[in-house]
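Listed next: structures, encoded as structure tokens.
Both of the next two complexes hold subunit A, though its partner changes from subunit B to subunit C.
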Partner chain A sequence: MGKKRLITGVVATAEAVRLADVDVISSFPIRPYTGIMSELARMIADGELDAEFVHAEGEHAQLSVVYGASAAGARTFTGSSGVGVTYAMEVYSPISGERLPVQMAIADRTLDPPGDFGSEHTDAEVCRDQGWIQGWAATPQEALDLTLLYYRIGEDPRVLLPQYACQDGYFVSHIAGEVDVPDEAQVKEFLPPYKNKHQLNIYEPQIIGAQIEPDMGPPLQYQRALAMRNAKEVIKEAYDDYNRIFGRNYSPFVEEYMTEDADVVIFLQGAHSQTAIDVARRLRNHGEKVGVVRLRTFRPFPTEEVRDALSKFKVIGVVDNSANFGIAGGGGVLLTEARTALYGEGDKVKTVGFVAGLGGEAITRDEFYRMFAKLKDIAKTGKVEQNAYWVPFEL
Partner chain B sequence: MLEQIKTIRHAPDEEYYVSGHRTCAGCGPALVYRLVAKAAGPNTIFLGPTGCMYVANTSYGCGPFAVPWLHTQITNAGGVASGVEAAYKAMMRKGKYTGERPHVIVMAGDGGATDIGLQALSGMLYRGHDVLFICYDNESYANTGIQTSPTTPWGAVTTFTPSGPAIPEGKRLWPKDNAQLVAHGHPELKYLATASLAFPLDLMNKVRKGLNAEGPAYLHIQAPCPKGWQFDSDKTIDMAKLAVDTGMFQLYEYENGKYTITYTPRKRKPVEEYIKLQGRFSHLKPEHIEKIQQFVDAKLKAIEVEVTAVSEAAPTD
Partner chain C sequence: MEYDVQKLFEEPGLIQITTWARGVIQNKDARDVVFALANAASKEGKYVQAWENYVDLPDRVNVPVRAYARISPNPIESKYIYENENPDVVVLTEEGLVKGNNVLKGLKPGGVLIVNTKRDPEYILKFLSDTSNLGILGCVDATGVTGYIKTLSGAEGATDASGIGAGVGAVLAGAAAKAKEMVKLENLLGTVKNQDACRYGYENVKLMKVNEVGEVVSIGKIKQNKYDLEGLPFAGTVPSPKKENEGMVTGNWRTERPILTKELCNDCLICWLDCPDATIFKTEDGLIDFDLKYCKGCGICAAVCPTEAVTMVPELDFVD
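Our next item is the complex of A and B:
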């Protein structure tokens, strides 16, 4: 059985990397994810973890190191935040294109300018269509669990895709919570060793990543798209096994809180869901029919599950914790994707966007009260006057 | 340990860079690749950053490598090589791989080694990864249609450095010396050498020394390019020989903090004899050629090759 500890998201992630018996780790410092690497370095120095720890000369190099290591057959781990995430952009598609299931932790952070350290989903969401499995942990416990779940999902032969295991910078990465750290026997039962038949091996020489003609590329991209589709089934299986072995109660794609008989809900992902749930609970105490729907898996985007979850309500407020300048609808990525999922549901489900919590500011209870009030207004009048509001400037 | 090859006749018969590619006739880098693969043998993993030796070699289904080969971006061969080496180190220590430890060789063009890939190369050398990083230097971004790179010589015409009334000499910058650049700032570097296609035995033995070294090694190999330099495709080896005989390219090793000049021409030829055979220099005026001669003289003096350039026509007592 596991051990209960009071630890932050970065330490919880490092514990999961140790439990996954990772072989090669590549690091470069940038706040706030750096704490994961410091903890892993300590584990290696103390003899708790046997892995090669490569001090890469930048994030682009970090991703290059795990690309090579994964192709050679090693289980790999890397991570970053903010502009570090975007600096490595070139290497994300080659990693997923060569079907290398490397894992990258992203403790998210605003992009520059102006060098703000604060949490924001922008950095990780910029990379959303590179062929990586992606989702957000909302607590240190979930950060640990997501790391183990994603190795299992990404390394499955039906998937073979890399994974961004995201956590909100500071809110998850640096605030301690109670974490059940599983023991090694449980992890062994859940996570088989990494085996990829397309490996750099002198006994079975293969050419990996050959240059191809224009007509030969689309079939490979189609295979990557199919792998993303297949991932949904594998994600379900992995969550089932995880819940059984580790005694959790996760829903793989979408989680609902207090949504039975709700008229209006907030839809969002990541740590701010915790505040939203708290506010919804308080409003429920006053007899308000409100709830929260939280997205757990962002890539592959669970279109059907989101549609089924959201089409039950009158008004949905979609909270985007990211800056998307000039986007359709004027909100964020979640707003446009929730609307896509709801396409075909007609006008009976109204959606409105809230861009909130930018720069690492907490989305306060007061702001969530204002968002719920706006949703109730829309439910009453039946009118969406503005597609999206930047909070607190416009609401 | 890979033994030194005594004479060219003792070179292994086996080829690991075989037919099935579509490089240009007379391609210097392809000939270099063949010699490197022959010297390295079957226990080898090649990493191929984007460049001629990626694009022209690995057209789908007909790659010429009889050993494992992995594409890397033009930017990151050093990083990918670091990862492959670290993976084998970890997997062998942890009992996850029980075979022979493979040699890891990067085959980068001059862009992937001296320009956009320099940071990754430096990181790999600094960290001490046991990798042989080879630059096959054809002195331009050739795969994209001959654009200037840091190793393109002064005065050469490329599509980014054309010669015209305002800029008669073409390229106006002196080439970056990557071997010198990496030799002195990386304490973990175990072996460094330059090599030439015109000296195949020396080239293969330097490959083997680089692979035998326990730690990172760097080899800079000049690889003439008929298309980019504009000479007939049957003159590749002659061009490589002339580069060394004129001092435009120097052959040496650097090991344990000491340089060894591995070939000194008995009679150094003037650079003009090399330059006049290449279309990329055809626009140069005598004063331009004189400038290149002075540059080469100064460079050779710096590495203590005290051989005066002597024209073929001049008396040579």
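Our next item is the complex of A and C:
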């Protein structure tokens, strides 16, 4: 059995990296994810972890280091935040295209300007279509669990895709909470050693990322699309095993809170779901039929699961913690994707967007209260007057 | 829905012109042939497009490269393609291109081939494999009139500040206009810089009738990509060749062939050291020889040989 400890998301992530017995780590500092790397450096210095630790000259190099190391057969770990995440953008598609299951922790952070350390999902969400598995941890415990789960999912031979294990900067990364740190035997049972499908080998030389002709492009992209499709089954299996071995109770794609008889729900992902659940509970105490649906896996987007979950309600408020200027519907990515998932359900399910918590501002309970009130209004009048509201300016 | 797509997408009157040339040293003249013809046709109110092959390797000296033009009385609908599937006219800026390149591939019945060569059409014909669609073969000694224009101006789709048709390209465009009715000579002359060269090509191209073919409607072949997903390399990885690379056979880059004069060779192996393609080897009787599957004909061996034992001979002097 594991050990209970009071630790932050960054330490919880580092503990998982240690337990996964990672071979190569590449770092470059930027708040708020930096603490993961400090902790890993300490572990290596103290002999708790045996891994190559490469301090890169920037995020682009950071990702390039793990790209090569993963091709050589190493289990790899890297991470970043905010503009660090976007600086490495070029390397994400080659890594997933070469089907190398690199793991990157993103403790998210608003993109500049302002030079603000605060959490926002924007940095990680702009990378959403690069062929990486992606999802958000909402607590330090989940940060640890997500790291282990993602190695298992990404390295599965049916998937072989890299993963962004995301956590809300500061809220998850910097506020210590109680974490059950599993022991090595449990992890061994859950996570088999990494075996690459096309490992670099001096006796059987091969070219990775070769220049190809245009007609070789479609099958390459299709292979990656199929891997993303296959990932859904693998994610289910991995969560089942994880729940069994570590005694957790996670649902792999979508989690529902107090939704049995709800007419209106908030749909969101990440740390702010915890606040939304708290507000819903208090409203429930007054007899309001409100609930929360939380998205746990963002890529592959679980279209069917989201549709099945959301189509039961009258009104859904989709909270986006990201800046998506000029997007269809005027909300955020989650709003557009939730609406896509609901395609075919007609007007019986109404959706409205809330853009909230930008620049690292907390989404307060008062703000969630106002969102629920708006959803109740819509349920009553049957009218969606505005596609999306920027909170707190418009609500 | 069930249509004969070949018929559905017919573009009557569409003329496709393909020029073959040698990388870097002749890119410009290949481009000039197609741009001169397309510009001339545009003056006549026709619809045109012209481009260089995007997939060939334009930055390797001597590698076969292609350029294309399409001329039509109607707006061109199949605009976004990589290659002319069914050329009406094929132009070679250098004679050696007839070897190792399927230059007549997809040729429309009755199509035209124009070659820059001093030799006669009869001799050139020997090197062409399937000539069943070839209507006319034309030979013109363009290099005897003017030279190749060597410039990078206009490469990669940029504006060609050096103008169109100052060299070999003008002669060949003139010859093509003579062999296939597509533009008037006066409009071609109004497009090229070297009008005398262009007129020379028009007037002096030796044309030979190869096959009698009637009226043809222009049809672009419909390309359907089929993939064997299982057989494809995983994630686009390519196994590295250990000895030779069948995917990169360079023998058809050659315009001249190295020939050894045994008596002069002192076996110093300097040529072996300097050959950029490692194509020089020793035969069983101890003499050096050249692997013609990969020899690019760069001439470095001849240049470095201290005894002048290697001579570069035009590739088309050999019928093998």
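Just so we're on the same page, the second predicted complex is superposed on the first by the 395 of 395 C-alpha atoms of A that agree within 3 Å, B and C clash if a C-alpha of one lies under 4 Å from a C-alpha of the other, contacts with A are read in each partner's own complex, and residues count from 1 in each chain.
In this text, contacts are C-beta pairs under 8 Å (C-beta built on N, C-alpha and C of every residue); 3 or more make two chains touch, one makes a residue touch a chain.
On a predicted model such as this, the values are computed, not experimentally measured, just so you know.
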Touching partner for A:V24 - first (subunit B), second (subunit C), both, neither: first
Partner chain in contact with A:R296 - subunit B first, subunit C second, else both or neither: neither
Touching partner for A:R99 - first (subunit B), second (subunit C), both, neither: second
Contacts of A:A72 with subunit B and subunit C, given as first, second, both or neither: first
Partner chain in contact with A:M216 - subunit B first, subunit C second, else both or neither: both
Of subunit B and subunit C, the chain that contacts the larger number of subunit A residues: B
Partner chain(s) touched by A:K197 [first = subunit B, second = subunit C, both, neither]: second
Partner chain(s) touched by A:I207 [first = subunit B, second = subunit C, both, neither]: both
Partner chain(s) touched by A:K376 [first = subunit B, second = subunit C, both, neither]: neither
On subunit A, positions contacted by subunit B and by subunit C: 98, 205-210, 212-213, 216
Residue ranges of subunit C in contact with subunit A within the complex: 54-55, 82, 225, 227, 229, 232, 234-240, 242
Residues of subunit B that touch subunit A when the two form their complex: 42-45, 47, 54-55, 57-61, 63, 65-73, 75-76, 78-91, 93-94, 96-97, 99-100, 102, 119-120, 122-123, 126-127
Interfacial residue positions of subunit A with respect to subunit C in the complex: 97-99, 160, 197-198, 204-210, 212-216, 218-220, 222-223
Of subunit A, residues touching subunit B in the complex: 21, 23-24, 26, 50-52, 54-58, 60-74, 76, 90-91, 94, 98, 193, 200-203, 205-213, 216
